[in-house]
Amino acid sequence: MKIRKNAYFITGGILSAILTVIIVTGLFWTPYSTTAMNAQEKLQPPSWKHILGTDNFGRDVFSRVMEGAGTSLIIALLVVVIGCVCGIVFGSLCGYFGGAADLILMRICDAITAFPAMLLALVIVSLTGGGAGNIVLALGILFIPSFTRVVRTEYASCRDLNYINAARLMGVSNPRILYAHILPNTLSVLIPTITIGFNNAILAEASLSFLGIGIQPPQASLGSMLKDSQNYLASAPWYALGAGGAIVLMILAVSLLSEGVQQGTCRI
Amino acid sequence: MSRRIYALLLSSAILSCALGAGPGATMTIADEAGSASSGDAELVVGLPQDLDNSLDPYQITAAGTREVLFNVYEGLVKPDTDGNFVDAVASAHEISEDGLTYTFTLRKGVLFHNGDEVTIDDVLYSFDTCAATTTNSAVEAALSDIQDITADGEDVVITLASANSSFLSTVSSVTIVPASYKDQATAPVGTGPFKFDSYSPQDKAVLVRNDDYYGDKPALAKVTCRIFDDANALYTALDSGALDMAFHLTVDQAGSLSNGYEVSEGEMNLVQALYLNNANPPFNDERVRQALCYAVDKDMLLDLTEDGHGAKLGSSVYPSFRKYFAEDLVDAYPYDPAKAAELLQEAGAEGLTFTIKVPSNYTQHVDTANVLVEMFAAAGINAVIEKVEWNSWLENVYKGRDFEATVIGFDAAYLSPDALLQRWVSDNGSNFIGYSSPEYDAAMENAHTSAKDEEQVEAYKEAQKILSDTAANVYLQDLADFVALNPEFTGYEFYPLYAVDFSRIHPAS
Amino acid sequence: MKQIVKKLISLIITLLLVSLLAFLAFQIIPGDPTTKLLGTNATPEKAAELRSELGLDRPVLVRYLEWLGGFVRGEFGTSYTYRRDVGELLADKLPVTALLTVMSFILTVIISIPLGIWTGRTRSKAADHISVILDQILMAVPPFFFGMLACYFFGIVLKWFTPGAYVALSESVPGCLGYLVLPALSLALPRIAMTVRMLRSSIQTELTQDYVYTARSRGLSEWGVLRRHILRNAMIPVVTFLAVSAAEIMTGTIIIEQVFTIPGLGRLLISSIGNRDFPVVQAIVVILATWIIIVYYIADLLNHWMDPRLRTD
């Protein structure tokens, strides 16, 4: 697959590259300690010393954003990977073959979708204990149905197309038809779904923080920072803007890239 | 998530810097309020939590509910702003020399909010019902000590099996309710200055003036309590002027209020500490517990969490208890990380690692835990935070005692040091840290049996000192509490217990 | 007809599954409603008494079946915490959440469909770029963050509206609708961006298909081609997406209700989970599930109706 260069792809690429550098750097080094507190520098507005200001413990917001973005990125990526891989497998089988398995799997998907995410997350966390790994697990399960549904619809509308029939007549194996022939054609729908999924995964992590079952402090995630910053919205809006802005930039980078890929692969 | 405030936790009441305006000044205000009783002033108040329990006075567990219904329910006596008990439904009370017999004279012509007159039977019914149904084990215990309660004309005579110097506080928590009325849980009827008008869960509760009130009638015709469970939303509503009053504001909110509301400062009246599981390793070793105490810089903690407001604590009693508060214990363990390391080494606990479980809905406790982790790290102690959902905390930490350390605050459910100290007696059911000290038990026993006030005070102080000496917990602070009031109104006063008295508030003009 | 009956049965099965899941969830998560009701000062005897009064001491399955029996008769039970009939409690909350969801969904549809069609067909490069950039940015702002920003700018800085000063529908209809505009918009904005983007790329893909050329060569007007051919196909994934949106908006209200302090189902759900108020949680779970399942069913029906290829089975 060759991608034609376009403005979105380039912008998204540059933004992603910058964010990646910042996040990767954040894993090894931050301008200030992400945990050391300083009572004299509480809730300082942005300055040359602290470009995103400081939080309620006098910690450098930029340093914490660097760490938090890494945490959130890893969680979101893993969640999307779990959701997407399982979704493609279930969705393709359901959409292509249909039948009883389709019916049963879709009912289960319905039940998971229809079940309040919070309650499910609470159950999983109380079964397995808190922490990043279990959050990934809980959210991953929650994300499977949406991918399954989208993939299934695509497969159902593709299965009787001429080129698929032709492939079948030529004796191409089912797995090959499913994943070599049809899958590339679902990309135009799958890529936005992945983008939305990534967006939702970051958001879901933030929602869990709101329930108090997210990341454990003092580790930072963008969601937990945003939740903490809410109490200081009036006196220190930069705190919320730092954490929220990072979320927006991350999502933006990913969706620009996906837009670029889509436009680049458009068969015009 | 919501910041619910439960009985276990905290509270309002505050030893205000404005307490200088003594009882005299208060009376003047009340008189003015009385003359303005025909006014139709309406106060809109923001509540930081829902009234989500039964509203039956004996079933109330949430401190935030108690605080509002303080205006609706009254006992034979009720507390005033100085922590004394004044007559309410009773017009006079008398205590015998030996402290065993209490005689209350029923006030004439007191009407319940449903229009019925309060009778002796209602009083007896209230005591019976309270004893049988109260959810407060301490009140239940105090009432079970009543040998005899009888009506004598317009008097109620209570005879105790043994003297109890804090019995009036128990009497004040037995609110007088009509014997024939069955809907207290949803539509409270009491004798207080305000009637309970309506309640819509998670939305609002409305109180209206009781025009038949026997005392000074409130100046406010109506108090609407809007329910928030998000501190931030409450704050923005307050700042925009949609609310006239809010309590339990944080130092940051109080400081950034831009609408010119008057802010009063007090303390939350709670004992915030790092509670340690004394029953299990590593904290069954006194030296390890003391090491933690030396590793905490309380002044820094106050600076970080409260901008230096609030009050340092050294034991299980907070400053509003005045004469009972052992102030000298506050700095019993000065900040000394080297000494902490030494003690740990002595105990063979170098590289100590433990988990602090903290209820996620209480931002103030989570913040404190955050600061503690940093301070412990500086002393070579590795503490890890585990935020848990509130109900799980109650089940696993408080009831199940499955924890190493936890940050929480305890408030006093009634105005007696027992409310804070009785918990740590070895065989107390609520002794969730498994504290066991024969000396402590003896000191508490002493406090209960001393006939003289000074002796009792000394015994309570001795008990506090034992808690401090044995480093039962790492005592931290009583958090600052802020109240904001629209300058169009005035008259707010802090109580030394959980209460917001709307009857004293009146238009400023 | 047979189809509908089949669907109805599967809907009921899903609902049963969901309600059983919720019930089991309550067996798994630690915590006990009596702790909340009695406070921490109560004696164990009092707690045991209340447990038996609430029927919590009986076997799990018996309680589930009893709940189910009551539910079928239209009785939702009594809330442990509020001591009120659950149906009565929900009667206040459901309309608020429903209104918010509907407002948000209507905003999504009426803004995104025309915008999507327009940007999908436009030949203007500049318009295309602007719409893509706007899309990308809007899509990147989480509703919850937008809500916080709205509270800050419109509430604290501009003071145009008062976060938290929710006006009940019964008090003032315009007041209530006015208060709900920002929350509804917070929920709708990213959805609008996503729908526009999906519709645009879908239309652009269809525009390159052979049948479009055929239709054009048969002399159909551009509008006719669009309406009769392109949209029919382009809307298939979009309709599925909108259905998912309708469901996700409803679940999104849970967090948005917290941010804007709206007394709806979401806030009640969260506090009831915290209070272990099982009858309330169960009722809300079933309501949300019913909504989601029905919405997906409608999406399926629309899909079948629009895409003849799916009708064959």
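The first chain written gets the first letter, and so on, giving A, B and C; residue counts start at 1 in each chain.
We adopt the following convention: contacts are C-beta pairs under 8 Å (C-beta built on N, C-alpha and C of every residue); 3 or more make two chains touch, one makes a residue touch a chain.
No experiment lies behind these values; they were computed from the predicted model shown.
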**OP:** Please work out which of B-C and A-B is bridged by more C-beta pairs in contact, and write that pair.
**Re:** B-C
Original post:
From the centre of subunit B, which chain's CA centre is farthest?
Top reply: A
Subject >> Whole-Å gap separating subunit A and subunit C, where each centre is the average of the chain's CA atoms >> reply: 20
**OP:** Indicate the whole-number Å distance between the mean C-alpha point of subunit B and the mean C-alpha point of subunit C.
**Re:** 40
Subject >> Whole-Å gap between the CA centroids of subunit A and subunit B >> reply: 45
Original post:
Which subunit A residues reach two or more other chains?
Top reply: 122, 126, 210-211, 230, 233-234
Original post:
Which subunit B residues reach two or more other chains?
Top reply: 1, 232, 236, 239, 361, 389, 392
**OP:** Please set out, as single numbers or ranges, the residues of subunit C touching at least two other chains.
**Re:** 29-30, 151, 156, 258, 270
Original post:
For subunit A, which residues count as touching subunit C in their complex?
Top reply: 7-8, 98, 103, 107-108, 110-111, 113-120, 122-123, 126-127, 146, 149-150, 153-154, 156-157, 160, 188-189, 192, 195-196, 199, 202-203, 206-207, 210-211, 226, 230, 233-234, 237, 240, 244, 247-252, 255-256, 259, 262, 266-268
Original post:
For subunit B, which residues are in contact with subunit C within the complex?
Top reply: 1-2, 4, 6-8, 46, 50, 52-54, 59, 61-62, 135-138, 140, 185-186, 200-203, 226-230, 232-234, 236-237, 239-242, 361, 389-392, 394-396, 398-399, 413, 429-430
**OP:** Name, in rising order, each residue of subunit C that touches subunit A in their complex.
**Re:** 10, 13-15, 17-18, 21-22, 25, 28-30, 129, 132, 136-137, 139-145, 148-149, 151-152, 156, 190, 194, 197-198, 201-202, 204-205, 208, 236-237, 240, 244, 247, 251, 254-255, 258, 269-270, 273, 281, 284-285, 288-290, 292-293, 296, 303, 307, 309-310, 312-313
**OP:** Quick one: which bits of subunit B touch subunit A in the complex? Just the residue numbers, please.
**Re:** 1, 231-232, 235-236, 239, 250, 252-253, 255-256, 258, 300, 303-304, 307, 359-361, 363, 366-367, 369-371, 373-374, 377, 384-389, 392
Original post:
Which residues of subunit A touch subunit B in their complex?
Top reply: 35-37, 39, 42-43, 56-58, 122, 126, 130, 210-213, 216-218, 230-235
